[in-house]
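Both of the next two complexes hold chain A, though its partner changes from chain B to chain C.
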Partner chain A sequence: MRKVIAILLLFIIGYYSLDVLLKIPFGESAGGVGKHYLESTIKETGAVNSVTAIVVSYRGFDTLGEVTVLFLAATGLGAILYDKKAKKRALQNASVIVKTSSKIIYPLIALLGAYVFVHGHLTPGGGFQGGAIIATGVLLMFISYRSFETNHKALSIIESLAGMTFVTIGFAGLIYGTSFLQNILPFGIPGELFSAGIIPLIYIAVGFKVGAELTALLDNLLKTIK
Partner chain B sequence: MIYYATSILLILIGMYAVLVKKNLIKIVIGLSIVDNGIHLLLIAIGYVKDGTAPIFSKPGLQASQMVDPVPQALVLTAIVIGLAVTAVALSLIIRLYDHHKTLNINKIRKLKW
Partner chain C sequence: MNWLTIVVVILSIVLIIAAVFAVYQKDLLLAVIGTSAVSVVLSVLFYILQAPDVALTEAAIGVALTTIIFVITIKKTKRFEE
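Then we have the complex of A and B:
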């Protein structure tokens, strides 16, 4: 009975949402604000990747809020799962093949993550993606070695320093320019690694912050045995 | 058209899981499916026919050939928030399981609808 009611309700919701959405023309060229961003990305921010330019430069304050939400989630998760006794992970040691290969792959994954967030203004990618890749490498080590531990103090220091770097760059824009997070550094030649002013600096800070946060989050979630 | 229909279908599948399933883990999986459906919908709305990614990687690329970058930037934000929501929900489920020794919402009183 409940299933029937649920399906009926969902059918009504789906029909009317689709009815509204079909009035939006599909596949036509971007107008309005999207067109403006595309046409003036290189001129106004110096970045080649316009998604990065929007996330870090045009909506930089929004990204600061987003980083804060992620930080709050990691802190809240730690507070919910806190226990007085130290807890351990329940996993057994993995086989020799997995252990040996993950030892080789782990630095390479960390390198790929660093590459992704350093080149955020040139190629697809950025701080959030690079940080997530680094955390995936740490997860590989977590599931293959029972004794692999992360240093929580170092992680929280990295996280706080990265967050402070973001805010400091923002205030530098306020002091030397006219607004918070204004791009005060020279743009350089678009398409080169050292270009786009403050965008790579902010994305490197975000990459470190997200990597440290997700690593701490995984560590908290995997420790279940008292 | 097919893109809109598929993403709406994904959203509905996720909402069905949230409404009908009894297992808390399955409800969180349903929430993630709703999330992914919404991301797909936003990306589909920003699509331009024969458009490339909004990155000026080659000198000859024109702005008119590219897809809309605004939905992509919003989805980048939404993915991160979705991850945070899923992580907090899973930690709450771990605590509920510690307390009640079950994941079935019918057996946990005060959670019935």
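Then we have the complex of A and C:
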């Protein structure tokens, strides 16, 4: 009886969801605020990539919140897994083929990550994506070499400096402009690397922060395997 | 019918199959690989739907980092669901 009622309810919900979803035009511009963003991001922020313009410029304060959430998550995990003894990863060394190829690929992945976050205002991607790509490169080295170690002190210093840079840029907007995280630097020519004011600076800081955080998190986790 | 539409439909079917596989698989390691396959297909779909920023995030976080965190967790707990 309960199953029959559940199936009946599912059909009713499915019917009405499909009815509503089919009435929304798929992939077409709906106008409104989205249209405004697409038309005036270059004029208002100097960034060619409108997604970056929204994430860092229009919604910069939300991005600061996101970075804080990630920082708190990484700190909480570090506190849970904290151990006084310095531990080694108990993984086996990988085969010669994996070791050799990961040694060649690792710098290229790190370069790609750096490219993605430096060019965040021009091409798709940005600080979060670039940092995550760098962390996956380090992960490749972690699982192929048992002796590959990261300097945790340096990682935490990079993380703190990057976070402070973000907040400092925000307060500079408050001091030299009118609001927190205001774009006070000149926009330059849209499409060039040195353009869009504070957007590339913030995304470089976010990239370093996310990369360092995720690397430290993975190292902490991998060291718990016995 | 546009060829891009056919590609999107095929990818969506693969996506649903991988997701159902991940839910019903008793071997958790295989289930994690199923979720990782979902992420791969989803990032291609995001790219086709003109959201390359989201596709990059999905590819880096969903395929690599989430999978390795789940694999470490399975290594430290049990591999088979009861």
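In the analysis below, the second predicted complex is superposed on the first by the 196 of 226 C-alpha atoms of A that agree within 3 Å, B and C clash if a C-alpha of one lies under 4 Å from a C-alpha of the other, contacts with A are read in each partner's own complex, and residues count from 1 in each chain.
Basically, contacts are C-beta pairs under 8 Å (C-beta built on N, C-alpha and C of every residue); 3 or more make two chains touch, one makes a residue touch a chain.
Small disclaimer: the values here were computed from a predicted structure and weren't measured.
**Q** Which partner chains sit in contact with A:Ile104 here, chain B, chain C, both or neither? Use first/second/both/neither.
**A** Neither partner.
**Q** Contacts for A:Leu70 in the overlay, against chain B (first) and chain C (second): which applies, first, second, both or neither?
**A** After superposition on chain A, A:Leu70 lies in contact with chain B alone.
**Q** Report for A:Val51: first if it touches chain B alone, second if chain C alone, otherwise both or neither.
**A** A:Val51 sits against chain B and chain C alike.
**Q** Give one of first, second, both or neither to describe whether A:Ile189 is in contact with chain B, with chain C, with both, or with none.
**A** neither
**Q** Quick one: is A:Ile24 in contact with chain B, with chain C, with both, or with neither? Answer first, second, both or neither.
**A** After superposition on chain A, A:Ile24 lies in contact with chain B alone.
**Q** As a test of reading the superposition: which chain, chain B or chain C, is in touch with more residues of chain A?
**A** Looking at chain A, the partner in contact with more of its residues is B.
**Q** What is the contact status of A:Pro124 with respect to chain B (first) and chain C (second): first, second, both, or neither?
**A** Both partners, chain B and chain C.
**Q** Where does A:Thr224 make contact in the superposed view: on chain B (first), on chain C (second), on both, or on neither?
**A** In the superposition, A:Thr224 touches chain B and chain C alike.
**Q** Should A:Thr41 be classified as contacting the first partner (chain B), the second (chain C), both, or neither?
**A** The answer is first: A:Thr41 touches chain B but not chain C.
**Q** After superposition on the shared chain, which partner residues are touched by A:Val4: those of chain B (first), chain C (second), both, or neither?
**A** neither
**Q** Please write out, lowest number first, the residues of chain A touched by both chain B and chain C across the two complexes.
**A** Residues 27, 49, 51, 124, 126, 128, 221, 224, which sit in both footprints.
**Q** Of all residues in chain C, which touch chain A in the complex?
**A** The contact residues of chain C facing chain A are 49, 52-53, 55-57, 60-61, 64-65, 68-69, 72, 75-76.
**Q** Considering the complex alone, what residue numbers of chain A touch chain C?
**A** Going through chain A, the ones touching chain C are 27, 49, 51-52, 116, 124-126, 128-129, 132-133, 135-136, 139, 214, 218, 221-222, 224-225.
**Q** Within their complex, state which residues of chain A touch chain B.
**A** Against chain B, chain A makes touches at 2-3, 6-7, 9-10, 13-14, 17-18, 21-22, 24, 26-30, 33-35, 37-39, 41-42, 48-51, 54-55, 59, 62-63, 66, 69-70, 72-74, 76-77, 80-81, 122-124, 126, 128, 190-191, 210, 217, 220-221, 224.
**Q** Given the complex with chain A, which residues does chain B contribute to the contact?
**A** Going by the criterion above, the answer is residues 1, 3-5, 8-9, 11-12, 15-16, 19-20, 41, 44-49, 51, 53-57, 63-64, 66-70, 72-73, 76-77, 79-81, 83-85, 87-88, 90-92, 94-95.
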